[in-house]
Amino acid sequence: MTDDREALEPRADPLAILARMWLIRAFEEQVSALYGKGIIRGLLHLGIGQEGVAVGAASALRAGDLVFATHRAHAHALAKGVDPVRLLAELVGRTTGLCAGKGGSMHISAPEVGFVTATGIVGGNIPLAIGAAYASRARPDDRVALAFFGDGAGQTGSFHESLNIASLWRLPIVLVCENNGYAEFTPLSAHTNVERIATHASTYGIEAETVDGNDVVAVRDAVGRAAEAARGGGGPRFVEALTYRLRGHYEGDPAKYRELAELSDWRAKDPLTRYRDRLEADGLLDAEGTTIGRIEAEARRRVDSATREALDAPLPAPDDVTRHVYAS
Amino acid sequence: MAIPRLPSHRLMAQLRTLLRIRRFEEALIELARTHDVGHFHVYVGQEVTGVAALDLLEDGDVGYTTHRNHGHLIARGVDPAAMLAEILGRATGTNRGKGGTLHLASAEHGFPTTSSSVGGPIPIAVGSAFAFRELGNRRVSVALFGDGALEEGAWHESVNIAALRQLPVIFLVENNSLEALGQKANEYPSSTLASARLADLARPFGLPVAVVDGTDSRAVHIAMRRAVRRARALEGPSFIEAQTVRWPGSRPLWPQLLTGPTDLAMAWDAGRIGDEYRAWHERQDGVLRFARELLAAGATTREQILSIDEAAKEEMRSAVRFALESPYPEPREALEHVFA
Amino acid sequence: MADIRYVDAIRAALEDELAADEAVCLLGEDITLGGPFGATKGLVDRFGEWRIRNTPISEATVVGLAVGAALAGARPVVEVMFIDFITLAMDQLVNHAAKLRYMSGGALSVPLTIRAQFGATGGFGAHHSQSLEAWFAHVPGLRVLAPSTPADAYAALRAAIRADDPVLYLEHRGLYWQRGEQADPAAVDPWRVRVRRPGRDVTILAWSRMVPLSLEAADRLAEDGIEAEVVDLRALSPLDLEGIVASARRTRRVAVVHEAVTTGGLGAEIAAAITEAAFGDLAAPVLRIGAPFAPPPAGPELEALFVPSVDRVVEATRALVRGPAAASVGVSPAPA
Amino acid sequence: MSSPEPSVMRDITYAEGMARGLTEVLERDDRVRLMGQYFFGLTEHRSKTVEIRKRFGDRIWDPPIAETGYVGTGIGAAISGLRPIVDVATASFIFQAWSQVVNEAANVHYMTGGQTSVPMVIHVNHGIRGRGAAQHSHSPQAALWNTPGIKIMLPSSPRDVRGLIHTAVADDNPVFWADHVKLFDVTGPVPDEVEAIPFGVADIKREGTDVTIVATSYMVVRSLEAAVVLAGHGISAEVVDPRTIVPLDRDAVLRSVAKTGRLVVVDEGHRSAGVAAEIAALVAEEVFDSLRAPIRRVAALDVPIPFSPPLEAFVEPTLAKIVAAAQDVMDRRRP
């Protein structure tokens, strides 16, 4: 099994992928519990139910590729190989956190593993990713940039400006839309007449694919094709992954705007269960569930120790506050 | 035949407006040689689009135009003298010297405000349509802008909202980049816009789309009539792209009368057309084209055309005099109108 | 040393940094054509179309992509033709460029330079004439430079490009054709104030185009025996408070001259900071001379009244020294 | 004041005052539309939006996440006869619509030489909300104060917010209305009858003789707490709440400082070039000779707002900082 502080590369084996999805699930359930206890505070967006997109996409990239994530970024980060201990430490505002306690959930950043930054501004990260792709093209190097964004970002001007420039300059970028059907609290249909965000990509002559976001393999294959095409000078590629968040928009959101039936339909399509079943069918998992049981237990153990380690770390001192405003 | 089926008095009125706009811009270019008016833009070459389209609006309908606004205002009846006075920063100007050429506005003529921020007015035009729908007053809002504004995010946010709410707004894009210098190409994708056709930027939102020759007054008339009907029936927004060739005089940084003051006789005497700008005078100048077609249709005579033109020139001469003789505003006025 | 124009100093600084560092690249509308004032003329021929990149009219995304390029190791210089258009990119500048280092606890760095012209001249009207420096001086994480001479313009732009922080580099349209001595950039510290003219009676603080104007005012004041010290701020954020307060202590009277609207302008920060730091030494309240509480009017006549003039500076400064302290010159009456 | 001293006063929360104000203007003026759904942020008070929606659903629109688009829509709607109240939610998001706010809304009336007005209200929740970190904690009012053409209201009590909403909607200009989420649960007396509180009239929230504390928005509440502490040390602080900074009630501020001779300005925006700087500079200009000590500013430190609780507390203007500043100006003497 690969170390969870590594990026999952295209060669990663199926069990490692399943393990990473479980690590993320266990991590976010833990985070949710800590939030309930008031140990984690602030605005918290969980991606439980969307692990398939994060892991599928990240595992199709090479270690040197750059990821720009959204406000719902824990899964993106862990999938790219961000250290769960430092991520948790950030969420509880410790000095050992990814951002020394200055970023919090929405602004996590770990450039050393190619997870450049998340953003609290819907659509705000897309131009940044375009810029990283431009830098690769101008230098040039063979890195690919990947931007995650939600369906809500599809109605922002920056999104359209970015598609235009990425296409004009044939930049090495993969745009991954996590279409979970809701922009914050509102169904997509209340925000636009355009059913599929990918439609806009073709407007700018960008090849797009729409895939089942709860099928980690489908996402991985689509993003893999896209990344290699972009890397080969083929210009930008667009992947729209249809998925669903099983939690509210933020922790504490009663999410009354959703039907229970809708929720249970999607629970049945849980990406973890589906991948488990698939691996069982392929004979990679024993039907008795010993392996999967071990994977789940390992994930929970890992998260528990990460939690202890994070909480034992010191809180920042007041004079840390004026550091990092400018380069010294 | 490219003139709309309209009673001849309407056609003659359109001809008159076309000539007034053309002579206004020519007078302004002359004036700018001796007076600092700041960076300005002229409507030469696009007159037919503005006149044919805005002729279909009614009192109460609004338009939001851009830095290239002179023709639009004249087409809706704004006094050229007040416009020139504004361009010279005089107290008698449409905006009392606070707007200048970039911001000419006349609320009573349906131009509430004019923005020179590319794309800036598009959401505002959508907002007027939002109000019209809410107030149920059957009015129409027109966003007039150039192809460059389609590169701005504001366009996408606005068209999405307009389509979503079925708002009575018409997006009239004056694509004047054909044969322009610089980055723009004759066809898309250009160096700054990746979509194969401008209209592709509207289609995904479900808007009816019309692409017309901006010097073909009938084509503009028909497209605009459909769009206006659709808007008044609250069926939603429309997208019209009117294509015109960039007037040679608008290709340098500052407008210049490269093709000379318009010689209307070129409309019936090809012999007067020189070689340097032959294509322009023979095919691309919408004003000459309209005159030619009126004559071909027997709707007017050379003499009539020349006398209307004389009147237009005289009107602009006195407009220039009025503007130059007008006083500057009182200094203290700089502090007025910050708040209503 | 040779004598050059302000705009050529900018072009020279760009060319020298492009030559010195492969990571430097330029982005902007029509920059391969040289830009409206020729500051980028010919650079594409030497450095190629990837490092000298024309962009669509998409300010928000262009600034955002420059931030992303900086995160990925480039040193982009974005030309935003008029500072008025930065409003379209405000989110990328304020919420991303300025904060990424801090939000990431120092993990990220945004070595980005944004060039923009500002100021009212030529009757360009309210969308092409504003002076917005106070907004950016209010945003921690951004640096703001506003040089007033060709020598400073050259040194400041090179320093901006080499800085590991996002820097807003403000150019005044009214200065582009000004000529001046070239100086050894090593001898210039653009982050510190420079005393352009020593004097004992009063300090006039100014930047960019208000500096030559203040020097002219100082000459006029000298004629009636008032020795004004003219201090060129050069850096507007962070401010060189040390240098500012030192001069205030020397002369005990201070006038701040800027083109921006007085209310909420940078003059307020400078006045408040001086009053806090040198309260006991001040013989009179710090005087602010700026634009009235109105957008820049387009009419040339109104515009001339909008921007501080030599006469206004002379008259107000004389009143400050000779009393009665005509304090709120340039402050319009409280709006209705 | 536009209305006579009210008869019956009842204690309600600030959020209730907002809801009352919004409901009343919707009832009384059919031109009013609400664009947006986050007036109460993500607090439990969101339920109040639901109640308003029940009654006025057809006059409320939840726009897409496209700030430029829907703020511009609000501007056009205002030009064409509606009175929109556009909610940009967290103040940080207004930068997405910045050009529409400062280039369009603020300039229209002036650029057109008074022909056209933009009677709209732009609502945000500003300030250090608690773990909002750097992209959800802005106070953009200082920048807007340097932008002629926009009025700025910063209520601090249930009565003020409810009464100022009426004046904002009646005003023919763009009005920037900033609430602070920490105010939502603050309670105070509000008259039963509808009351419009005029712009440009400061409210002396507490009278005093030794030092003037000028505070805005939630900092008024904190300054009143500080005044109590100071009283314990025998210092009589006068707390002046301008309520609107555009227009600013200069006379009330200057009168108070002329009386006490000492000034502390408390504002939650960043210190540099902030709201406090303008007030400090103005007072120094106008009543320099009656100042008996230097003016002190208590504002957010000049760093982006950090996430971690101890860091955030260190950055924001706290009760202790206000008290210390007031004591400091009491100790200082003009040499």
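Chains: A, B, C and D, in written order; residue numbering restarts at 1 for each.
In the analysis below, contacts are C-beta pairs under 8 Å (C-beta built on N, C-alpha and C of every residue); 3 or more make two chains touch, one makes a residue touch a chain.
Every value quoted in this text rests on a predicted model; they were computed, and no experiment measured them.
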Chain pair showing more contacts of the two, B-C and A-B: B-C
Reference chain D; chain at largest CA-centroid distance: B
Where chain B and chain C are represented by their mean Cα positions, the distance between them in whole Å: 37
Averaged-CA centre spacing for the pair chain B and chain A, given as whole angstrom: 48
Chain B and chain D, separation of their C-alpha mean positions in angstrom: 42
Centroid distance [mean C-alpha coordinates] between chain C and chain A, Å: 41
Sites on chain A at which at least two other chains make contact: 97, 99, 101-103, 107, 119-121, 155-158, 161, 164-165, 168, 190-192, 325
Junction residues of chain D - those touching two or more other chains: 64, 66, 68-69, 92-93, 96, 99, 103, 110-111, 133-135, 148-149, 151, 302-304, 306-307
Numbers and ranges of chain B residues touching at least 2 other chains: 93, 95, 97-99, 103, 115, 117, 151-154, 156-157, 160, 164, 191-193, 338-339
Chain contact topology (line, ring, star, complete or other): complete
Contacting residues of chain B [partner chain C, same complex]: 36-39, 88-90, 93, 95, 97-103, 115-119, 148-149, 151-153, 182-183, 191-193, 253, 328-329, 331, 333-335, 338-339
Sites on chain D touched by chain B in the complex: 33, 59, 61, 63-64, 66, 68-82, 99-100, 103-104, 108-117, 119, 148-149, 151, 171-173
Chain A residues within the chain D interface of the complex: 41-43, 93-94, 97, 99, 101-104, 106-107, 119-123, 152-153, 155-157, 183-186, 190-192, 250, 252-253, 315-318, 320-322, 325
Chain A contact footprint on chain B (complex, rising order): 151-157, 160, 163-164, 189, 191-196, 200-201, 203-206
List of chain A residues in touch with chain B within their complex: 155-161, 163-165, 167-168, 190-194, 199-200, 203-206
